[in-house]
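In order of appearance the chains are A, B, C, D, E, F, G, H, I and J, and numbering begins at 1 in each one.
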Amino acid sequence: MDRQQVTQKIIATKVANKLRWADLATHFGQSKEWTTAALLGQMTFNREQADKAQALFGLTDEEAAWLQIVPYKGSLPSAVPTDPLIYRWYEIVSVYGTTIKELIHEEFGDGIMSAIDFSMDIQREADPKGDRVQVVLSGKFLPYKTY
Amino acid sequence: MDRQQVTQKIIATKVANKLRWADLATHFGQSKEWTTAALLGQMTFNREQADKAQALFGLTDEEAAWLQIVPYKGSLPSAVPTDPLIYRWYEIVSVYGTTIKELIHEEFGDGIMSAIDFSMDIQREADPKGDRVQVVLSGKFLPYKTY
Amino acid sequence: MDRQQVTQKIIATKVANKLRWADLATHFGQSKEWTTAALLGQMTFNREQADKAQALFGLTDEEAAWLQIVPYKGSLPSAVPTDPLIYRWYEIVSVYGTTIKELIHEEFGDGIMSAIDFSMDIQREADPKGDRVQVVLSGKFLPYKTY
Amino acid sequence: MDRQQVTQKIIATKVANKLRWADLATHFGQSKEWTTAALLGQMTFNREQADKAQALFGLTDEEAAWLQIVPYKGSLPSAVPTDPLIYRWYEIVSVYGTTIKELIHEEFGDGIMSAIDFSMDIQREADPKGDRVQVVLSGKFLPYKTY
Amino acid sequence: MDRQQVTQKIIATKVANKLRWADLATHFGQSKEWTTAALLGQMTFNREQADKAQALFGLTDEEAAWLQIVPYKGSLPSAVPTDPLIYRWYEIVSVYGTTIKELIHEEFGDGIMSAIDFSMDIQREADPKGDRVQVVLSGKFLPYKTY
Amino acid sequence: MDRQQVTQKIIATKVANKLRWADLATHFGQSKEWTTAALLGQMTFNREQADKAQALFGLTDEEAAWLQIVPYKGSLPSAVPTDPLIYRWYEIVSVYGTTIKELIHEEFGDGIMSAIDFSMDIQREADPKGDRVQVVLSGKFLPYKTY
Amino acid sequence: MDRQQVTQKIIATKVANKLRWADLATHFGQSKEWTTAALLGQMTFNREQADKAQALFGLTDEEAAWLQIVPYKGSLPSAVPTDPLIYRWYEIVSVYGTTIKELIHEEFGDGIMSAIDFSMDIQREADPKGDRVQVVLSGKFLPYKTY
Amino acid sequence: MDRQQVTQKIIATKVANKLRWADLATHFGQSKEWTTAALLGQMTFNREQADKAQALFGLTDEEAAWLQIVPYKGSLPSAVPTDPLIYRWYEIVSVYGTTIKELIHEEFGDGIMSAIDFSMDIQREADPKGDRVQVVLSGKFLPYKTY
Amino acid sequence: MDRQQVTQKIIATKVANKLRWADLATHFGQSKEWTTAALLGQMTFNREQADKAQALFGLTDEEAAWLQIVPYKGSLPSAVPTDPLIYRWYEIVSVYGTTIKELIHEEFGDGIMSAIDFSMDIQREADPKGDRVQVVLSGKFLPYKTY
Amino acid sequence: MDRQQVTQKIIATKVANKLRWADLATHFGQSKEWTTAALLGQMTFNREQADKAQALFGLTDEEAAWLQIVPYKGSLPSAVPTDPLIYRWYEIVSVYGTTIKELIHEEFGDGIMSAIDFSMDIQREADPKGDRVQVVLSGKFLPYKTY
């Protein structure tokens, strides 16, 4: 058994019981973004969160233990994603990558935007010409230093 | 001559003259995100914008004509980016890709967030524990339809 | 269980019962193109469509639930397809890709032809020198905008 | 000197002189699809066509000779295209590839749709919800035979 | 169940029963080249051929049905083959590919040698310095046309 | 200077002077297959052959010396060829590779068909349904031995 | 069942019974290099050798039959090996490849060192500064010929 | 200027002057294997060796300085070599890699054969059935240790 | 059965029993770095160590035998790692690789830092601005020699 | 002109003038690790550092301006490095990657070791059995948080 098998069981239960990510997030008392990433096998649960997951998805003790182990992260089956929704994000990185780099460096100097001390918020933005997806990404700036 | 050579000339002039993207954006009367992407060779200029660029960067008529031709887009030299700042964005796609997919589908149904009818806003977010980069992405939702 | 296993069951049943895509499309009341893509695991069923599929292919409730979940799309096992029929389409993209790009941009300006707001129609075109496959692709043009 | 250098000279002249593909096609007396592909270095010119191109683009005799040599075809710089317009076509192959395969085989049996005995027609399709790109592909069906 | 599993069953039966390809070809009344390719999962059987295969290899009705479905072709596990015999053929394409291209174009003009309307014959060629493998490939020439 | 530059000069001279491979082969007194491969940079010339090439293509002494050095072989720019004619040969290896392997092993036992002690003959095969390309490959069989 | 499964059974039995390759080679009456390669699934057994293997590893008749079928060769899971010992050999090819090529060509002319008519001998070479691995490779030189 | 340019100059001079590796090795007083690798840009020269090379190949002072800088090693243009002679060595790693690994581990335990404390000797081995290439590789065994 | 299956059983037992690597290292009397690498399937156990592992993880005799066989090393599923922690190390190689190379060569001359005669120590370094990970790598320098 | 050209000029000057990294570091008043990385094009200079570099390497004003622009980082020409010294580091990531991950997570919880807030120290460690390279890496631990 490994984390991937626990993830598959969680997803299968979610599909069979027609659970929603937003409701699961309320249940865990976390944002829907963190909750979804965690249940998809990308984040580590603490003891209390694992207990809730165990009850909700009917996990065994060993399965609940796996949730508390840091997983090998990376949720996609290929370096360039084939799924159209996820590819559009890869395309943003491909087309706008150097733009993002230039603007962050102009504002902050040499360094990166953290993908660890990071949060994400996905919302519907009503628009008469067709609703929009609005995503806010917030990451700490980490500067390179000389030494 | 091709667009890439015009881009290299623009960048070299920008470095030599110590111009800033934010000031260039004001000059073009567009957002700094669009202006940077355009000057980095990812967007198409209209006649008026190309004239401004010609004056500002000392371009020849042929170089200005290239700016009005739709370019072959894609700004990165490899499928998996090696630059640490840009890689962090690729990592977001890799780690959070399935999360983004699930949450958008739960809210909107099957479809994608457009990377064409799309805008981006990059801002500094002051934070006592270290300033943060805040990025807002807004893309129209495009549903799959049955036919 | 995941969508891929449901797809495999559907295909196996179709082969065992010698069903035809065109007849299945009539049964679902959709085009044969959408119906085939959906049964091959690339599209999402609504409730009513899933009920029809459940009856037709003898699916369990959980299997029918999977059909209503947006799938991870992408139907080919490698980046460059090995199957001769599908490769010919990849060859069209490889050889004519820049031609298609130039002609669409000349007619419409900078933007893309949507692969989401998109339909396809495949027909036999009788021809004394050997029948031809005629494929009509129709996708909404989505322009890039400045902002 | 090779064909690629002739192609670059043709493109640069086209940009500098603001020529349009549709007008060039009229000049050559061929479809705009064939003309564009040929000028982009994917097709072979006959003597008469090469003479027209020589006059139009100011080519030397050696450059005109290159146009009459069969080129090494393939117009894209990477196996998975990065340009958004061309990628959408690759995505169609990725998502709908098995669908196309199934429907052609159901109608015609085992074989392929030729990418050689092939023509393409790209048109604007007016639509109140936003104009569409309509592409008609027509390729001879070539059956596999037993022997 | 899919075609690959049927192929594996056929191969395993062939090995267990020590059958020879040449004898199987006689049984099917086809060339040994077509018969081998078909039993290795690259070709489609008609009804009569599938019946013979069912009897010979003890296939179920569903397995026999799979033989009549056009398979996803491609018989090698990697883009560059590792098996020394098959690699030698890939090497011929790599080293002599441009030679083959030049000579066919000089004789026939722009176009291809079909890999669909195609046959192959493999024979032993006795030679005092060591026997040789002689392979005759015959493919219809398909010209590119202007339109 | 390296062999590739000599090859480019030879090809450019051939195009400019409208020479044919078949005539060049007669001039060198070798098969058209060997002559083409050699002039495309895949084979090594002896002294006499290099002298002929020097006279014919106006090579310098150093260029003629390069022809007598064994080249780094491999004539294609990518692992999977993009040119349609050459791809069809790669497709033959991909689809029929295991068939070729099985039939050669059944006839000869374990070993390979040499791609070194090898010759190739490409001919037009007249056919009322469309002329065919006939290619005869002949390679020595080299057996694996136990030791 | 396929050859890979037979190989896995042989290896598992070897590990469970703590057999040594050198002793197995004596048992088969072949070199330890050939024996190891054969038991690892890279070589073909004759009838007598397969009988010995069947007795030694408790193989079924079908498993013994697989040993007499020419296998699909290639023993590594990736193009660039990750195992440090095997990588060092790949590194030798990468760093010294052109050196080996130059020296063999200087001595023998254009051609190759056969990897089929080939033997290998691996020995311990005692050395006070640390023992050395000595490997002798012997392959027939096969010249390219003109034709 | 970099080392690669110095290497190209050395090779071009060697070809123009028809020098032999064996004679160059005598001149440098080293084995022909080391000398060839060094002149092909894979090894570092000491002061005295660089002086000899400077005189022999007419190098400038800066070019001679580059010979004394440790180069970025790796002599092949692709991960899987296309040149037939070098490929045969890659094939040996691919087919016999696990055999080599098993036999070295059985004799020496866990560790590697060094590719650094390493020497190579390439000789002609006369053989009435066709001369053979004999290569002796000698590398220090380096054991993994527990700590 | 193979080593990978033994590794999976060890990890599963470790997770189920909530064992810590540091305690396991004490149990084996080795560093935590070696112990972790060994239990993750990268190192070879001696008899005594295998006995301890057998008792601790409830292994069968065959499973314990596998621990004493040198494994095929390499612990990551892709050439470029997707896990953020491991990627940061790959990034260090990518960004600082040439720096490390230059500094080691300046200090030691041409050669490498061994990854075999190698040890690693990972410690927490308390820091008021946020604790740091301190890693000490120590590898024997192995010089290239002329011969 | 771009940063890569400035880097090449710096390296060429360093080789021609036989400068040492350690002396350059003293000149810049930084560690030799940072100085080397910066001069190899991976780090950004401030005004004062750029002035020193301009004087030392005879750079033009534009070249000095490039040093103050954040570069596109990544110093290696391929995803898997071919240089033996750099490969050993890649091998450490490949073989010990999961070990490093497990030990850091056990000590710190889920998160990463920063490659930005990071320093490196490379020293000679005298050892009678052969000197060793000692490298100390120090990176801030950055935890994942729930939100």
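Definition applied: contacts are C-beta pairs under 8 Å (C-beta built on N, C-alpha and C of every residue); 3 or more make two chains touch, one makes a residue touch a chain.
Protein identities per chain, from UniProt: A, B, C, D, E, F, G, H, I, J = Cyanate hydratase.
Owing to the predicted nature of the structure, the values given are computational and were not obtained by experimental measurement.
K.L.:
When contacts are scored as defined above, which chain pair ends up with more C-beta pairs, I-J or B-I?
P.N.:
By number of C-beta pairs in contact, I-J is the larger.
K.L.:
What whole-number Å value describes the gap between the mean CA coordinates of chain D and chain F?
P.N.:
29
K.L.:
Using Cα averages as centroids, what's the distance between chain A and chain E in whole Å?
P.N.:
46
K.L.:
Can you list the residues of chain I that touch 2 or more other chains?
P.N.:
If we look for residues of chain I contacting two or more partner chains, we find 33, 72-74, 76, 79-84, 91, 94-95, 98, 101, 105, 111-112, 114-116, 142.
K.L.:
So which chains actually touch one another? I want all the pairs, not just one.
P.N.:
Listed by label, chains in contact pair as A-B, A-C, A-D, A-I, A-J, B-C, B-D, B-I, B-J, C-D, C-E, C-F, D-E, D-F, E-F, E-G, E-H, F-G, F-H, G-H, G-I, G-J, H-I, H-J, I-J.
K.L.:
Please name which positions on chain H make contact with chain J in the complex.
P.N.:
Checking each residue of chain H against chain J gives 1-2, 61-62, 65-66, 69, 72-74, 76, 79, 115-116.
K.L.:
Across the complex, what residues on chain A touch chain B?
P.N.:
Residue list for chain A touching chain B: 20-22, 32-33, 36-37, 40, 42, 73-76, 79-81, 83-86, 88-108, 111-115, 118, 120, 122, 124-125, 127, 129-142.
K.L.:
How about chain G: which of its residues touch chain I in the complex?
P.N.:
Within the complex, chain G contacts chain I at residues 8, 11-12, 15-16, 18, 77-78, 80-84.
K.L.:
Could you list, by residue number, the parts of chain D that touch chain A in their complex?
P.N.:
It is residues 80, 82, 84, 87, 91, 94-95 of chain D that touch chain A.
K.L.:
Quick one: in the complex, what on chain A touches chain J?
P.N.:
Listed in rising order, the residues of chain A that touch chain J are 30-31, 33-34, 38, 43-44, 49, 70, 72, 98, 101, 105, 109-112, 114, 116-117, 119, 142-147.
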